[in-house]
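Submitted below is the structure of interest, expressed as C-alpha cells.
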Amino acid sequence: MFDLSIYLKLGWRNLWLHPLRTGLTVAALALGIAALTFLSAMNDGWLQQIRTNFALTMTGHLQIHASGFQQTLKLARHIKDPAQVMQALDGLAGIHSVTSRLRVSGLASVAGANAGALVYGVEADKERHLSRLAGFVTQGRWLLDSDDRAVVLGDGLADRLQVALGDKVVLMAALDNGDIASEVFRVRGLLHSGVLDIDDLAAVVPLGRAQQWLDMGQGVTDIVVRADDFEQVTGLVDQLRQRLHAGDGSQSAAADSSGYEVMSWSEIDPMAEQWSAFADAYTWIVLAVVILVVLAEVLNTMLMSMHERSREFGLMGALGVRDSQMFFMVIWETVILVSVGSVLGFMTGGWAVWHFGKVGIDLSQFAVAFSFMYMSPVIHPLLAFDSLLGILGAAILGAVVAGLFPAWKAARLDPAAAMREV
Amino acid sequence: MLRAALFALLLMLPWGRSMAADDAAYHAMQALQDLLRSQTSIATYSMRVSTPDWQRSVRFQAWDDRPGKRFFIRIVDPAKDAGTGYLKLGGNLWMYLPKLERDIRIPSSMMLSSWMGSDFTNDDLVKSSSVLDDYTHRIIAHGTDDFTVESVPREDAPVVWGRLEHVIRNDGIPLSEAFFDEHGKQVRKLLFSEVKQLGGRMIPSHWTMQPLDEPGKKTELILEQVSFDAALDDNLFTRANLKRAGR
Amino acid sequence: MIFQLAWRNVLRNARRSLITIAAIAIGLAALLFLWGFNDGVHNSMMRNLQQAIIGSVQIHADGYFRHPKLSRDLPDVQRVEDLLIKLGVQQYTRRIRTFALAAGDDNSEGLVLLGVDPVREVRVTNLHTKVSRGRFVSPGDGNTCVLGATTARNLGLTLGDDLVLLAADRFGALAADRFTLVGIVESGEMGIDRGLVVVPLASLDAMLGMQGRMTDIIVQSPPDKLEALTAALKQGLNGQGDAHAYEILRWYDMYPMMKQWVDLENAFYYIFLGVVLLIVAAGVMNTVLMSTLERMHEFGIMLALGCGGWRLAALVGLESVLLGLAGSALGLVVGLSLVGIFHHLGIDLSSQMDSITRFYINPVIHPEIDTDHLLITLASVLLAALLASLVPAWRAARLQPVEAIHHV
C-alpha cells in the first residue's frame, strides 16, 4: 500500500511535469464529451419539439369523446352531457387546462366559390390557453368569448374562397339526422399553422353558435385536456378511463354510443409518436458513430503520449519499477485526466446546451422555408436525463479503454527496447 | 310546376313576413311571387347547358309541393339519363339512378355542386323555400317601362350573396336578376324572355343563367308545359316512388 | 529536397505516422458512413414516394393541379406521349383523376378516384405490389376497383362487394356507377390506405363521359435526369409560342413536404457533422502536436545544424500534408467500403419502428452517398487536417535550438 502511494504521487507529478501533454489529453476528452452532450441535447430538443408542437397545435394531450366518435366522426356520436365528464376531471392532478369542442366536416361557401371545411366550434378563451391555435393567427384576431358569428379561417381555405377579413362566409353541415343546415359567419382572423390539414380546412367558430346552428343543445364532440407535461398523460388516461368506464377508441363503429372513449395524443394520431421514435433511432445510430470517433481520437491522443513517454517508462523499468506499479501509475494518471476532462466537457457542453437552448439554433439558413410537420426551423437543445446517463456511460467506457490500453502497454514495455527508441 | 323549387328560388323572391324596408318594393316582389308561384304545380322543362366546348340538353318533369317542402323530378330525355330521379324531402335531396337501381342521398359536401351540369346547384333546389324571407327590399331605380328592386340579405341570413337586383316590367313581368358578391362584383345573371300564355297565365317561359366568371357558359331553362295548383298524391314524394324506374 | 526529407520522416516514424493517419481516417470514414446512412434514408424515402403513386413528373393541362376539374383535360395526349418517346422516356402512363364519394348505405366517404391503364400503370408505379388482399385492376376488367385498407374497413366492404362511386362527370353533372372490389391496398401510408380508389381507365372514361380525354400523364425518372427532363418537356410542350397550355410539375412542386423535410434534416446533419469534424480536427491536431513535442530534441539538433526556423516549419507542415493525404485516402477507402457493405447488408431499424412503414421509409436502410456530400466531407477533412498542422508548424518555426535540445 505504501509502495503504491509513491506511484500515485509520481503519477500526479508526471501530469504537472508535462503541462502541454496533459492539457492536450484533457482537451481531447473534454471536447469529445462536450460534443456528445451538445449533440444529444440537440436531438432531444428536436424530438421534444415535434411532440410538443404536435400535441399542442390542436390535439391536446388527451381527448374524451362519445365512444366511436374518433373512428366515425359522426355528429350523432357526441357527448350529450359534458358536465358529467367535467365532474370526472375534477380533482385530477396534473391537468393544465380543459376545453370543449364541436367538430364537424362541412362546406364553406361564398358568392362564386365553395370548399370543403372542418368546422371547429371552440370556447374562445379556454382554447387560447390550451392549444397553440390562437398563436397562429397571422391576420386579424383570435375569437373572443363575446363573439357570435365570427370565424377564424385557415389561410389556405381563405385563399381558395378568396375571402379577406370582414367578409361573409356561409358554412354548411349535415345535422345528426342528415338534414343540412347553413349558418353565416364573418371572417375575423386568418391563421397559418404550417399543418396542411389545418391551414387548408379549418374554420374555427364560437362553440355556442355552432351548437345552436347544428341543433346540439349543450352537446360537444371533444373534451380536450392539456396535461402539465407528457409524463402525466398515461396516468391521466388510465384514471379517466376508470372514472368514466370508457374505452380506448379502438372499438368499432358499431360500439354502444352511450359510453365514452378516452384517447391520448398518440392514440389519436400515432404519426408524431412513430415519427419521433424513428428519428430517435436514427440519431442514436449517428450518436453511436460519434461516440466511436470520440473514443478513437482520445485513444489516439493517449497512444501518442505513451509513444512519447516510452523512454521515460524504459528508464523506470530499468530502475526496477515493477510492471504492476507502472500499470497503476498510468491508470491513476488516466483517472485524473478523465475526471478533469469529463467535468470540463460536461461544463462546456452544458453551457452550449444552456446557451443555444435559450437563443435556439436557426436552421432556416440551411433549408428552404418550410411549413409542415409541426416543425420549426429553430432548434432548442434540451438535455434529457436518459441521454445524460448515456453520455456518462460513454465517458466511463472511454476512460476504461483510454486508460487500460496505454497502461497495459506501459507495463509490458521492454526497458531496453523502450530506451533505445528515440 | 317546379316554381317554388327552381324558379322562385332562382328569382330569390321574398315572401312571408319580410321586413319591408320599402313598401312599394315589398309589394312589387310579392306581386312577382304571386305571378310565378302557386302552392303546387306539375311542369315539363327542357334545359340546355352550353359552353364553348360542348352542349347538352335534358328534358324533365317536375312535381312541386311548396307547402310540403318537397318536390320530385324525373328525367325524360336523353335516353342515357332517362329515368333518373330527384326527390327533395325537407332538408334532404335524394338521387335515383336506374343503372344502379338504388337511390343515394346527396351528401352535404356535394350540395354546392352543379345540378345536372347546369349553373344551378343542388343546394339551389333544396334551399328554395327557406331563403326568401332573408332579404330586405327597396326600389332603387325607375325606368320608363320598368323599375329595379334591390334585395339585401339580413345580417344573420345564411346567404352568400351581397345583394340582388331585380329588373321588373311595369306590368309585373320580370326581365332580369343580377347576383352580386359582398364587394359589389356581379357573379351571375339571370335573364327572362319569351313571355307566353302558360298554365293560364302570361309568364316568361325562357330563363337564361350566365355565370360571369366562366365566359361563354350559360344554362337555358325552357318551360314547355305547366299546370298550377294541381292536386298531388302523397305517394309521389316517397323513396319508393323515386325507385320506380322512369315512366 | 524538403519533400524528400518530409517523406523520409513520415516513413521513419511509422508508428507515429500510423496513429495520425488513423486519426484522420477514422474521422473521415465515420463521416462518410454517416452521410451514407442519411442519404440512404432520404433517397429511399424520395424514391418510394415517387414510385408509390405520384411519379417523378406529372403533366396536366395548365392550372389543373390547383383547380382539378375534368373539363381541364390534357389538350393533346398524343403529342405529349410522342414527345416523351422522342426524349427516350420509357416509364410513363396516363390517368384520369377526380374526386369521388363512395356512397355507403347511410354514410359516404370522400375519395381520390384514379382511372389507370392496368398494363402501363404497373410499369410506372408500384402500387400493385402493395395489394395485400385480392389483386390489382387488370386488363379486360369491367367495373372493378381497388381500395385502401382503411377506407374499405370504414365502408365495411370486403372483396367481391359492390361499391357505388359518385362523381361529377365532364359536364359537371353528377354521375354514379357501381364497381366490384377486387383488391385491397395496405401500404402503411395514410394518404394511400385512406382516401384512394383505383379503377380501370376505360370504366372511368365511360362513367365520366371523357371519350378518351386524360387529366394526368405520369412519368418516372431517375433523380439525376429529373431536371433536364422537366426542362425538355417544358420546352417541347410550352416553348413553341403557343399559349401556356400544359403544366409540367416535378414531384416536389406538387408535394414539397418531403423535400423540405430532407433539406431540414440535412441542415440538422451539417451541424452534427460539423461537430464531428471539430473532434476529428482536434484529434489530428493533438496527435501532430504530441508528435512535435516528442520530436523537440530532433528539431533542436536540426536547428543547431543550421536549418532555418521557417524551413523547419515547412518540413513539419509538409509532413502533415502527407499524413493528411494518406489519412484521407485510407478514410475514403474505408468509408466507401462501409457504405458499400451496408448498402448490400442493410441496417435493420424495424425494431425501433414497430415495423410499420410510414413516411415512405423502409425499416431496412441501405446506405448510399450523394456525390456532393462525399466531396464536401472529403474537402472538409483535408482542410481540417491541414489547419490542425499549422499550430505545430508555427511552434516549430519559433523554437530556440538550445531550449529544444534540452527538452526531455
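Read from first to last, the chains carry the letters A, B and C; within each, the first residue is number 1.
Methods note: contacts are C-beta pairs under 8 Å (C-beta built on N, C-alpha and C of every residue); 3 or more make two chains touch, one makes a residue touch a chain.
Remember, it's a predicted structure, so these values are computed and weren't measured experimentally.
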Contact graph of the chains (line, ring, star, complete, other): complete
Pair sharing more residue contacts (C-beta pairs) when A-B is set against B-C: A-B
Centroid spacing, where centroids are CA-atom means, of chain A and chain C in whole angstrom: 25
CA centroid of chain B to CA centroid of chain C, Å: 56
Per-residue overlap in chain B, given as positions that touch at least 2 other chains: 105, 107, 109
Residue numbers of chain C (touch at least two other chains): 106, 110
Residues within chain A bordering two or more other chains: 116, 178
Chain B residues touching chain A - in the complex, by the definition given at the top: 90-92, 105, 107-109, 111-112, 123, 126-127, 155-162, 179-182, 187, 213
Touch list for chain A against partner chain C, complex: 18, 20-21, 24-25, 27-28, 31-32, 35, 38-39, 42, 46, 71-72, 74, 116, 178, 196, 253, 271, 274-275, 277-278, 280-282, 285-286, 289-290, 292-294, 296-298, 300-301, 303-305, 307-308, 312, 361, 363, 366-368, 370-373, 375, 377, 379, 422
Touch list for chain B against partner chain C, complex: 49, 51, 53-54, 56, 95, 97, 99-100, 102, 104-107, 109-110, 113-118, 122
Residues of chain A touching chain B in the complex: 105-107, 109-112, 114, 116, 149, 167-168, 170, 172-175, 178-184
Of all residues in chain C, those that touch chain A in their complex: 15-16, 19-20, 22-23, 26-27, 30, 33-34, 37-38, 41, 106-107, 110, 154, 190, 257, 260-261, 263-264, 266-268, 270-272, 275-276, 278-280, 282-283, 286-287, 289-291, 293-294, 297-298, 347, 349, 352-354, 356, 358-359, 361, 408
